[in-house]
Amino acid sequence: MRREAIMRWLLPVIILVIALAAVPFANDYILYVLTIAVLMSTLAVSYDVLLGLTGYLSLAHGFLYGVGAYTAAYLTTNSGWNFWLAMLAAALMSALIGAIVALVAFRTKGIYFAVLTLGIGLVGFQFFLVLEPLTGGVGGFVGIPGIPSLPGLADDPSRNNLVVAIVLLAVTYFAALVFLRSSIGAACLAVREDVTLAQSLGIRVGTARLAAFTFSSAFAGAAGAVFAAISNFVGPDDFSVMATGFQVVVFVVIGGMGTLWGPILGAFLVVCLPEVLRGAATYSVAIYGILLLFFILFAPKGIAGAVLALRRLLPARPASVTQTARHSEAR
Amino acid sequence: MIELLPQQLVNGLALGSSYALIALGLTLVFGVLQIPNFPHGELYMLGASFTYVLVGYGVNFWLAVPIASLGVVLVGILLDQVGYRRIDRGGNLSLMIAALAMSTVLQQVATLLWGAEPHTTRTPFTGILRTPYFSIGIYQIVIFAAALLCWLFVWLVLHRSRLGLAIRAMAQNRTAALLMGIELTWVRIATFAIGALIGGIAGSLLGAAFPIYPTMGLNPVLKAFVILVIGGVGNLWGAIVGGFLLGILEILVAGYISSQLQDIGTFAILVVVLIIRPNGLFGRAEVLR
Amino acid sequence: MLEIEELSAGYDRLEVLRGVNITVADGGSVVVMGANGAGKSTLCRAISGLIECRRGAIRFDGADISRVGTSERVRRGIVQVPEGRQVFPQMTVKENLRLGGWIHGKAKEAALREIYDLFPRLEERQGQNAGLLSGGEQQLLALGRAMMGRPKLLLLDEPTQGLSPVAIEQVAEALISIGRRGVSILLVEQNLALAEAVGRYAYVLETGRCAAEGPAAELLSSDVVAASYLGH
Amino acid sequence: MKRLLATAAIAALLAGGSTVQAEELVLGEIHPITGPASFYGLVMSQTLKMNAEQANAAGGIDIGGKKYQISIDTGDDQAQATKGVAAFRKLLADNVHFVIGPLASAVAPAIKPVIDARPDVLQIIDGSIADGVVNGKNSFRVQADADTYNDAAIDYLKSKGIKSSAILTDRGHQGFRMSEQRMMKSLKNAGVNIAAQEYFQMGDTDFSAQITKLAASQSEALILRGYPGEGALITKQAQQLGYKGQIVWEMGAPPSTVMKNIPATQMDGVVNCIPRMMADYIRLNVPNAIKVADAFHARYGKDAGENAAFSNDAFWILTTAMQKAGGVEPGKVAAVLKDLKVTDVPNLIIQYKPQENGLLFKNGQAHPPSACQIWHGENWASLPGDHLDLTTKN
Amino acid sequence: MSLLSIRGITQRFGGVTALTDVSLDVEEGTIHGLIGPNGAGKTTLINIVSGLVRPTEGTLSFNGRENGPWPMAHAVTLGIVRTYQQTRVFMGLTARENLRIAHVAGAGDANAEDLIDALDLGSSLDRVAGELPYATLRRLSLALALGLRPKLLLLDEPAVGLAPDEIARMAEVIRHFHGQGLTVFLVEHNMRFLMELASRVSVFDRGRLLFEGTPEAAQGNPEVIEAYLGRGLKKHAGN
């Protein structure tokens, strides 16, 4: 079996085992940090379907995550929906809005695409502030019901949260793998690598990109729904371009674009490192920047690339679904 | 409300000239080297911070401006040599990510050096010009003049100097420029130097009117990208006109629609422009005509 | 003047030149013929330093220049008229010419005068943007621009491509007059007529190697070239 | 196996050790120690640590007959919600049951659900003026609420007989935005006409569109609600655009911060209506204020800043309540807090307005008195007739 | 019966006319060559037939359907597939992934094993395309097109840049698939290669159809030779 494929299955299992093993022992704080790391991994995996698979740099992902969070918050709090139903609705809502954003944004490419999605992210953030009846405005959305207990975890909301987050990550990850292996996933790869060639192979470029963006939005929305429920409160700051929108880029680039499992590592590193380094936090943001710069300059395939290189056994280059950033010219 | 229009238009022009000043350097670098120099906002911030430090040491403001700007030039060249040069063939995505990364790093370095707390250089221009129709601060006139002068400066460099000839050649056709014996490295350095110089001057002057803090460049550079898209990539005059346009539009939105929608207005305009014209309002303008 | 020895060069995976040997004597004019894909443009790009030389050597005036940058090669006197002319479309004719002499510092009027004498058409159009010129005029401009660099060796990459017969004649005339001034010429061409008009010595390139060489008059009138093109 | 035994032995030793040192009491705090808001948060944290050092140096605090050495466990929230929740949960995981903070209005509502769910935790907010974060059961606040800020300004307008006012609000400021409706109502009740209402955002540098409109409204007063950085810029631009009425600030605005964005002369006559803070009490010669300020300066070599008073008071209110409860059980301490009288607490800087029966808190909210100051020369000065009712023993 | 009929195609770009009133037919089951000097408009014609660019004037009919040309995606579903003069494969993906994309994009009924064998890609499947030797890349790019099971394959200089032995191999590959019933429209500069394969050639010069006939006839046609070798500066000869 090829190394990349091994990693693609092995790594999530390792993370799952570690996380689940931690569940019975960890304290509230560790559970919370792990839950956030798992949620951010979900977000990173969903974003990798867009950035890694199509090569388009969108900065509106934080906004779509927020759409999911607010949708679920509103439905569970004000309309009394069941959480699971609300999560589904949040995913659909994010997918819908994501599709609209995509229809607008894919008219452009390259820097224009990045600037446009940045603009959409900023406008969206402002909407969270302004649409007070729906979002609570600057005060945030308060009193969001927690996640309903899974069997056996009734008296332990923190563990319950982590388990639900892990399940969501697993679902997202396998959905992403299925997406990647589907004909649309193949079409996305083709679009990323060479739009003209893809067209001449009869691939419907527009459909492929739209599907990737929508897929990515839907799972961002689901992650947002879980975030809202575990926090019981969401405020606009959680979904700003410079916070979440930029951070997912960091996760994916540091982790390794297009591998799906790399971004999980990236998210864990970025979320957990500052917690481990609490106290040295003054430097933490600077460290993100330096890490990001380091990876893009010297290891554009991210941690995943480094892991694969370490495990290099055959003289041939690793077979991968990854793109090296160098091949995603002219988007 | 309509009787306020002259004043609001002046407000818009004043705001727009600060945008134009910042957009000018960004569009130059993008036009010549196709690099989305996101850290241009941080060059602006450094211009302000250096001036603040110098004035703090008792240096005269008008002396501090050029010294600070030259300091920014060095940082600008460094950005290119450290960050962009080695991924020049890496494609758009790598360039954009490197740009975002360097932007963050510079912000953090500034935080470590000067703290997150806002500072201000004591303003040397406090006067106000009042007319029956509008009033305007002297510093706003200075910024307005600086925007036009910087544009003129860049224009003169590009069109009246040997270096400018080389820069324009490189922007229009890299291969042919190389065959003229022009060295890409020097054109890069010169372009980044000029871009950073303008960014530095912008920060240096605006820092005398506005608070100075590590993330102060974020908003302006976002606006500058909007201007870049509206005004046409590499179109210097477009940067000036686009800057004024955006300034006036923002003021009109805040003044006549709602000050809650000021930001939404700006970016809604961007979205609309890009929907109608995916390559910007003035198209993918002739690079550095 | 120019000695190319066992030169190999290409792009990424693709090796286009596979051990090419070419010599241009002082004041000589050499043509390199070959069908598309034979490696003619690659040869030009390798000589001017736009792509790196993988194996073999390029010597110019006795010095090995195979590791020297493009700019330095221009300074030493190797000036290329690139394929497709590549004028700077949004600059005036005069600015294009000034760029040709860029390495020699501020362009002197006398140098411009010389070019205008050679190509009076350019003087008429000196204030116009180069992008607005006709194909033939652009080719003359590219030639004039190269001459502003005071070349010792002028490299021409298919200067007749896409030109009308009249324009081709103008180019031929210009090249002959340039040759008379003692400038060495290396002309890469598909057009046999121009090659015959300009070249003294000829090489035929096929799939990245020299398939034949000899005095132009003999080689070009023989069937070798036609065979290479038409596959006889 | 040997190793396992050794581990167990160490664990037992540690457990034994902790019973020996039972007199150690850990107080948690949650403030932005890093990040953009660290400028405000750091001094608050330092004040708490200084208080603990002083109490320890004096032999500790006597609670129920035991002398407790106080240690401060710092949670850095970086003024961000998620970071704040993590920091807060870390404190809880460290077995901390008393938390002072937060400062940031992004953090306070985010940790509120956690506090509501943990009756064994007691929180005293010393910074955030956000709405709806105090429950009066296990979460209290010594900082003023937004209404206190608003009422101070309204009282000022009333006292000057001002009949119309324009308002300019930082629309990203949780406390000011959420209290807007209540403020409108109070203004109406006070007979003040709201001539115009506009917004800006933190980080904005150009306010000319809004000011042009506000100036055209010809209101007698202009109330600015937000942070002093923008406040100074707005004041400057308002003068430039010919605004003639009285400018009234609602912002914690130390002179050093104000001066950074506006020449002193342009500030002349601006009135700031806010709860009294550190600098006011120093100016009004409150002994504790001077004592803390001097100690702070001696300890850290810099000024304590405006919010130090709240942190200082939170510390003493909490420890006093523990003493009165005779133990460190959060539920009991909270019960004491509800009945705590202003005069019960030593070392207070802020001269809290006693509520019914002299109580410090009403529904968990303490009431720092507010007052207006006017800018003269290079500094804030008391308005004529301003005086202080000393309500606490010192 | 002709599979492809090109009728009156004219293409102008700005002021330049790249093709002038071109009409020609490609018979089913043939290898039809297209030659001409640089700038003759050969690639432009391929671009038009494949649907990459729309012609200024003119129509196509293909396999009994009128009213072409069709947009690229549609053309592919009708069975018109092209390759590019530059090597175009998905450089960042493995050969296997490249083939999977073609497989997915096509009807999915292509026999992948047959393709891999015929194009000798078996040993390169798990290597990233960007690292494969040039000749393998050329075959891979051909495999991508063939994976779509075209009726008509438009080949734009498949042998460019190849060494002589590799050219022979390429010719073999084309013949192999031609033998399976594929119609090929072949633009090529390498005349020897073309002559070996094509049963009929069209010669273009400056956007016009200059000659049509057998390869041998083309080689002997004075007009063709003139166009190709560009004689016409006789007066300078000997200068």
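Order of writing sets the labels: A, B, C, D and E. Residues in every chain begin at 1.
Operating definition for what follows: a residue touches a chain if its C-beta (ideal position, glycine included) is under 8 Å from a C-beta of that chain, and two chains touch if they have at least 3 such contacts.
A quick map from chain label to UniProt name: A = Amino acid/amide ABC transporter membrane protein 2, HAAT family; B = Amino acid/amide ABC transporter membrane protein 1, HAAT family; C = Amino acid/amide ABC transporter ATP-binding protein 2, HAAT family; E = Amino acid/amide ABC transporter ATP-binding protein 1, HAAT family.
The structure displayed is predicted, hence computed values, not measured ones.
Asks: What's the overlap between the neighbours of chain C and those of chain D?
Replies: Intersection of chain C and chain D contact lists gives B.
Asks: Report back the single chain whose CA centre is most distant from the CA centre of chain C.
Replies: D
Asks: On a CA-centroid basis, which chain has its centre farthest from chain B's?
Replies: E
Asks: For chain A versus chain B, what separation do you get between their C-alpha means, in angstrom?
Replies: Centre separation, chain A to chain B: 32 Å.
Asks: Can you work out the whole-Å distance between the CA centroids of chain D and chain E?
Replies: Their C-alpha centroids are separated by 77 Å.
Asks: Approximately how many whole Å separate the CA-defined centres of chain A and chain E?
Replies: 43
Asks: Whole-Å distance, chain A centre to chain C centre, using C-alpha means?
Replies: 54
Asks: Scan chain B for residues touching two or more other chains and write them down.
Replies: Chain B, residues with two or more chain partners: 111, 260, 263.
Asks: Which residues belonging to chain C are in contact with no fewer than two other chains?
Replies: Expected reply: no residues.
Asks: For chain D, write out the residues touching at least two other chains, lowest number first.
Replies: As it turns out, chain D has residues touching two or more other chains at 35, 38, 171.
Asks: Which two-chain combinations qualify as touching?
Replies: The set of touching chain pairs is A-B, A-D, A-E, B-C, B-D, C-E.
Asks: Looking at the complex, which residues from chain A come into contact with chain E?
Replies: Within the complex, chain A touches chain E at residues 2, 183, 186-187, 189-190, 192-194, 196-204, 316-317, 319-324, 326-328.
Asks: Touching residues of chain E toward chain A in the complex: what are they?
Replies: 50, 52, 72-73, 75-77, 81-82, 84, 88-94, 96-97, 100-102, 104-106, 126-128, 130-131, 144-145, 148
Asks: Which bits of chain A are touching chain B when the two form their complex?
Replies: Result: residues 55, 57, 104, 107-112, 114-116, 118-120, 122-123, 126-127, 130, 242, 246, 249, 253, 282-283, 285-286, 288-290, 292-293, 296-297, 300, 325-331 of chain A touch chain B.
Asks: So in the complex, the part of chain E that touches chain C is made up of which residues?
Replies: Per the touch definition, chain E meets chain C at residues 37-39, 87, 130-134, 137, 157, 159-164, 167, 189-195, 218-219, 224-225, 228-234, 236-239.
Asks: Which residues of chain B touch chain A in their complex?
Replies: 30, 36, 83, 86-87, 89-94, 96-98, 100-105, 107-109, 111-112, 218, 222, 225-226, 228-229, 260-261, 263-264, 267-268, 270-271, 274-275, 278-280
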